[in-house]
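Below you'll find a set of structures to go through.
Two complexes, one shared chain (chain A), two partners (chain B, chain C).
Then we have the complex of A and B:
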């Protein structure tokens, strides 16, 4: 059935809506300021919550005195562990239920929630929060993953609370080590690395360190919960995972999922920060306890310490032969998952196998550790582990190439995975156009032109390239419904969250193409777990492929019903009919037919509506000992190329040109793909050049926009060029995969490689601050006789 | 302490009494229900709270409401004429100069102020002027494109890049 859609292009038929840049359907709402965000929502009779946060990184909660806070006029409730009664299950988390709505025994990071105040007014709530007095028995704390895996390290969690349910891909490979801070040890064992290293002529080993960074969605986390008169609860939340949140809130309150309604309007940015339960379990409890609708919205300072990107230490050892063949690769990654695991166990799996890179390597050994520390929790952030590991493997690739005397682009072309090759996990690669991406990237920065090397002066130029590979959550499920009304108008019901990526428009394009009606005639319903069918998550760049396929199936179901009803009306066989331009018509004579609306009504009293349903599910999984099997339904291939100028007197690195390309399979909405390429590249620039979260003994010290800079207009490279490569995927809707994250990972290594090309200095730590570059240049000068500007 | 203020908001005369410590952003959002301006940093850095005060962009999260006494305030809500979008809004829609949309009202108002003052702004001047409007989604390239397309329609600007 799906073959039909791919076949149309092969036959030379063009699509009506697919592949055309479509003006986004959410444009008018957003440019007029009318677009709804939970941050802006007001519910009648609503009250406001403010949380009390731990000031110590690790400690037992000895006592909480709420008396002063409770007395403040306008305060309805000060909620602490003393209010957790038998009706409330306080623990939550997408893998381990290690986080609590309020601290039960310990606090585990500076910012951990200890209590929650609910008041008539946000200012009163804030004042009352300051009046809550908490006494801690401080415990030794650990902040660094390398420290936290030592045998004498303080334990962040004494035991793991694994719920009975779980994601199959995560649970099958979950390997916590009891009595340690290691919540997951993911392994890849392929071939024989010992033998591989023995066969190598050269061994390269490097260690890379990346700090925590933050997503910084402009709209902070916000949740409103209201108990309804029938005992159900409505939760408005800016979540990327409505159904996971539904399940968690049901678990927290001990009520059936059918009584938990999660409704999601537009998100003011997500980037992974808004995946999995965050504020919802707490706010649901506060709504239960107060009997009023309760809203909790975070400040920027709180946003920074709610969820971050994993700081990581990546060690990579590669064996190569004189001719460049890679005989073995061994990697070890320590992921600092902070005080609560969040989705760290999956990220350390996906990031773990991703650390091998997009190359043909027969012998592979990966040890990927997800480690607890007394830092803010780390979770999904655009790139999902690949940015950290790709800095390692792509800068080492350049180092290997240069030491062996190969051109870095030619070297990659030689070794890059091709169609039919097998990846580190044993997955067979399909639709990942690395070679095409590399060639175009090289061309985009005129790789062969090395004339800049002749220039003299204190500012030195360099060029660098990087290519990366990323997976998508496998297995997973998406379902969709197409609902048609008597007048022929259509609603598309999915639980895909519109967080700026343009999913509303692109999914409508897919539905429009399948149903042969204009895109504008489709109204896209935003997620509402009472109304829209199940979807795993809007993350992992998975929605075009999974939800797109679900929509195609739903459209087929709707068309079948339309043909059946039209056949009855027209007194012909359904097989003789087809759907065309909003009508059901005879295959042999398109003039003979009826419009959708007539078919919906059917024969006799109006049947009212037609609902087409589609469920799309993938299979896969990895062996828990060897990490072999099927890691991903499809693969994201990306390439980045950078031209930089390094000022050798100040250490400042300027990216003069950046080229980002992603293999999307098929660009459903080209302008939206450009937005993703540009957005990913700019995001990556920040992470590479200046973003880092800074702490002093666990105290966050730069958690404001004054101190933590995200890229502005002035940080744009002089030239930012992006491209979408289309290597059709045999099972993707119209050949499409997706690309929301694809272009972010090559940014750091491409820039690092360009810096090495310019001044011969290798970046092993991010961000690439001027201080670090200067220090590296000075160390390099000390190695050479006499002063110099640094050469390569 | 409460202070009586009178100001024009989107062409409408408003008189009210405000606590001395309330910000213009709070008054716009809570008293007038204008939700286009948003607090995303609380420090006057990100520009999501941008409104025009006497034609110039200000961070309304830092401005005390009483300081706006006698001023003319323009918010995003006053830009479109009913269903007819302002040319800048139209350009943003057509060029896809937005993604999540949270920063977009501030972005558009800053662009309006720029073009009102300097219709011939170069790309460098656009970037410089709008440095205070942050966009995490990375819509900067298309915002520049949208501003240039408005310039082209107005007959000014530096031409297409």
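Then we have the complex of A and C:
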């Protein structure tokens, strides 16, 4: 079936709806302020929750006194561990059930939830939350992953509560180490690294450190839950994973999944922060206990400590021959996953194998450790571990090239993985145009022109390039339904979450192409677990490929039913009919046919509707000891090129030009793809130059937008250029793979390499603050002076 | 945020009376952009707020040739940055007002609130000090006038007494032919608060400076005026050597607090660079202004 669509392009027939830039279907709704978000939503009879948070980073909860809070007029409930009865399963978490709706025995970070207050008014709830008195027995705390892996480090979790279910890819490779803070030790063992290093002429070893950063979605986390009269529960949540939340809420309350309805309107941004259960289990319990619809929405300050991007320490050792061939690579990564694992165990796996980079390397040894600490939990953020490891392998790649006297672009072109090459996991590379991306990036930045360093005054200019590889969640499943009404209009039912990435528009384009009807005649239904079919998650840049394929299957199913009904009306065989421009027509004479609506009605009383169903599922998995197997259904390839100006007197780095590109396989909505590249570039720019979450003994000190700055328009490069490369994927819908988060990973190393090009200073720690650069420049001057004296 | 009561007097004396009655639990509020952040985070929870927002007498902004600029404390930062006579005659002040936050903030934040808040990372104070501003205060004991450089006592601390409010900021006309500029360096986003700021105003003819004012922001518990530089440069030909010496003096006269925007060492370095570049650009029309 899929070949049918690819064949169309081979035959030179152009597509009608995909591959053409389409105005966002949700654009007008959003810019006129009419689009609905959970954060703004109100439900009749609704009451408000506020949580009480731990003020200590690690401690045993000795006692909780709720008497003052309970007495405040307007307070309905103060919920603590004492209210967790047999009917409630308080623990949750996507891999380890290590988080509780309220603290049961210990608190594990500043901000951990100890109790929840429900009141008629949000201000009363807040006031009551302040009146809850909690007594802690403080315990030694550990904040840094490098310290948390030491044998004498305090244990954040004494034992792991692993549920009997779980994601097959994570469970198969999960390797916690008992009696330590290591919740997962993921390994890749390929070839013989010792022999590889022995064969090398040079060994390069570097360590890179990245701090925790924040997702900063415009809309903070928000959830409303209401118990219905039939014993079911409705949850409105701004989640990226409605079905995982459904399963979790069913488990928490001990009720069947068929009685848990998760509905998801537009999200005001996700960036990974809204994957997996967050507030929903607690709010569901509060709705159960009060019998009222309960809303909990976080403040910006709370948003900062709810989920973060993993701080990481990446050590990378590479053996290189004189001709540049890499003989072996060994990496060791410590991921600071904070107090709760969230999706850290999978991220440490994916980030682990990704740390090898998109190059031909025969001998590989990876140790990737996911480590508990007394910090806010870390989870998925655009790039999913790859931005951390790509800073390491791409900056070191430039160091190797420069020290061996190779041009960094030529050197990468020589070693980059090509179609049919084998990646570190044994996956065979297909549809990842690294070479094409590199060549175009070099051209975009005018790489050959070396006159760029001549600037006046204290400012020096440099150029840098970087190239990255990323996997998608494998195995996984998406399903879709195409529902046709008797007037021929169509509803597309999927559980893909529209969080600003443009899925409503792109998925409608795919359905329009498959059904041969205009995009405008398709309405996309947002996720509702009582209505829309199953989808694993809206993340991992997976929706275009997985949901796109499910939609193609659903469309085929609907078209088959249409043809059957039309054949009955037209008294011909279904095989003699085809779908064309909103009609069922004779294959031999397109003038002879009936519109969709007529076919839906069928013969006799109207049949009312047609529902086409499609389910698309992938397979894969890695060997737990060697990390070999199938890691990913497909591979994302991206390239970034930066031109920077470094002020040598202040250390300030200004990115004057940035080029971001990614391989989409096929761009369904080209303008949206370009915008995703732009978003990735800007997002990465902040992470590279100034974003970092700062703590003092676990206490957040910059969890406001006054002190934590994301890029403003004034920070953007004068030239921000993006490009989408198309190397078709043989199994993708129209050859498409998706690309949403692809272009973020090259940003930091491209800028780091440009800084090295300009002033010879190698970045090993993010963010690249002017103070760090100035310090490095002064140390460099001291060394040079020292070397000068030595020669005399 | 904790519960509080708020009143909206329409006259200055009513506001002062309300503040006096509220005592230690009371606080004046204007635009609220600073105070509400503290209140929402429960760092400060006054029980009685006296809004100055409805007092028209505080909202006047006027320029009288030969006398100078009179800025009502309720004038917003945007009114200040946008007024043609401020931009024309007092560009240093307009530049500093423009540097604050974003347009949404500047449309509600007032200059009086900014000064009374006394956050060492605010933009306007250094610019106003360099321009020789005075503040008129009114309280239960009547009116008094204080030089702005003597107004700040420390972070979030000023000479304002219980029940006293700022009513006006007075900025005298600078000498004929004066030129000046507000220089600002951010160590993070361009929209961040300053790591270091420098306001310089001077007059010079044929390379000789006859009048010099230099004030530093964000590099001490309060904004500071560096008189030593003024003495050094006034009446002399400001050559490169003298400018470098002025920059060195600036870097040793400040007492920066190490914070998320830079360490003590780095801020001193940046003060030196900014003063050096600032003087070069004003005197020789050279140097990098795009810090």
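Details
We take it that the second predicted complex is superposed on the first by the 781 of 792 C-alpha atoms of A that agree within 3 Å, B and C clash if a C-alpha of one lies under 4 Å from a C-alpha of the other, contacts with A are read in each partner's own complex, and residues count from 1 in each chain.
Everything below uses one rule, namely that a contact is a pair of C-beta atoms (placed from the backbone, for glycine too) under 8 Å apart; a residue touches a chain by one contact, two chains touch by 3 or more.
Computed from a prediction, not measured in an experiment: that's the story for all the values here.
In the superposition on chain A, contact is made by A:710 with both chain B and chain C. Legend: residue contacts after superposition of the two complexes on their common chain; A:699 is shown touching neither chain B nor chain C. When the shared chain is aligned, chain B comes close enough to touch A:40, but chain C does not.
In the overlay built on the shared chain, the residue A:26 is in contact with chain B alone; chain C does not reach it.
Taking chain B and chain C in turn and counting the residues of chain A each one touches, the greater count comes from B. In the superposition on chain A, A:617 makes contact with neither chain B nor chain C. Of the two partner chains, chain C is the only one that A:652 touches; chain B does not reach it.
By the touch criterion stated above, A:268 is placed in contact with chain B alone, chain C being left untouched.
When the shared chain is aligned, chain C comes close enough to touch A:770, but chain B does not.
Applying the stated touch rule to the two superposed structures, the overlap between the chain B and chain C interfaces on chain A comprises residues 299, 301, 704, 706, 710-712, 714. The touching residues of chain A, counted against chain C in their complex, run 123, 126-127, 130, 299, 301, 457-459, 647, 649-650, 652, 686, 689-690, 694, 701-702, 704, 706-707, 709-712, 714-715, 769-771, 774.
Within the complex formed with chain A, the residues of chain C that make contact are 1-3, 37, 40-42, 185, 187-193, 260, 262-263, 266, 269-270, 273, 287-288, 291. Contact residues on chain B toward chain A in their complex (touch as defined above): 34-38, 40-43, 45-46, 48, 75-77, 79-80, 85, 89, 92-94, 96, 98-105, 108, 126-128, 130-144. Put simply, chain A touches chain B in their complex at residues 21, 23-24, 26-33, 35, 37, 39-40, 215-220, 266-271, 299-301, 499-502, 671-672, 674-675, 678-683, 704-706, 710-714, 716, 720.
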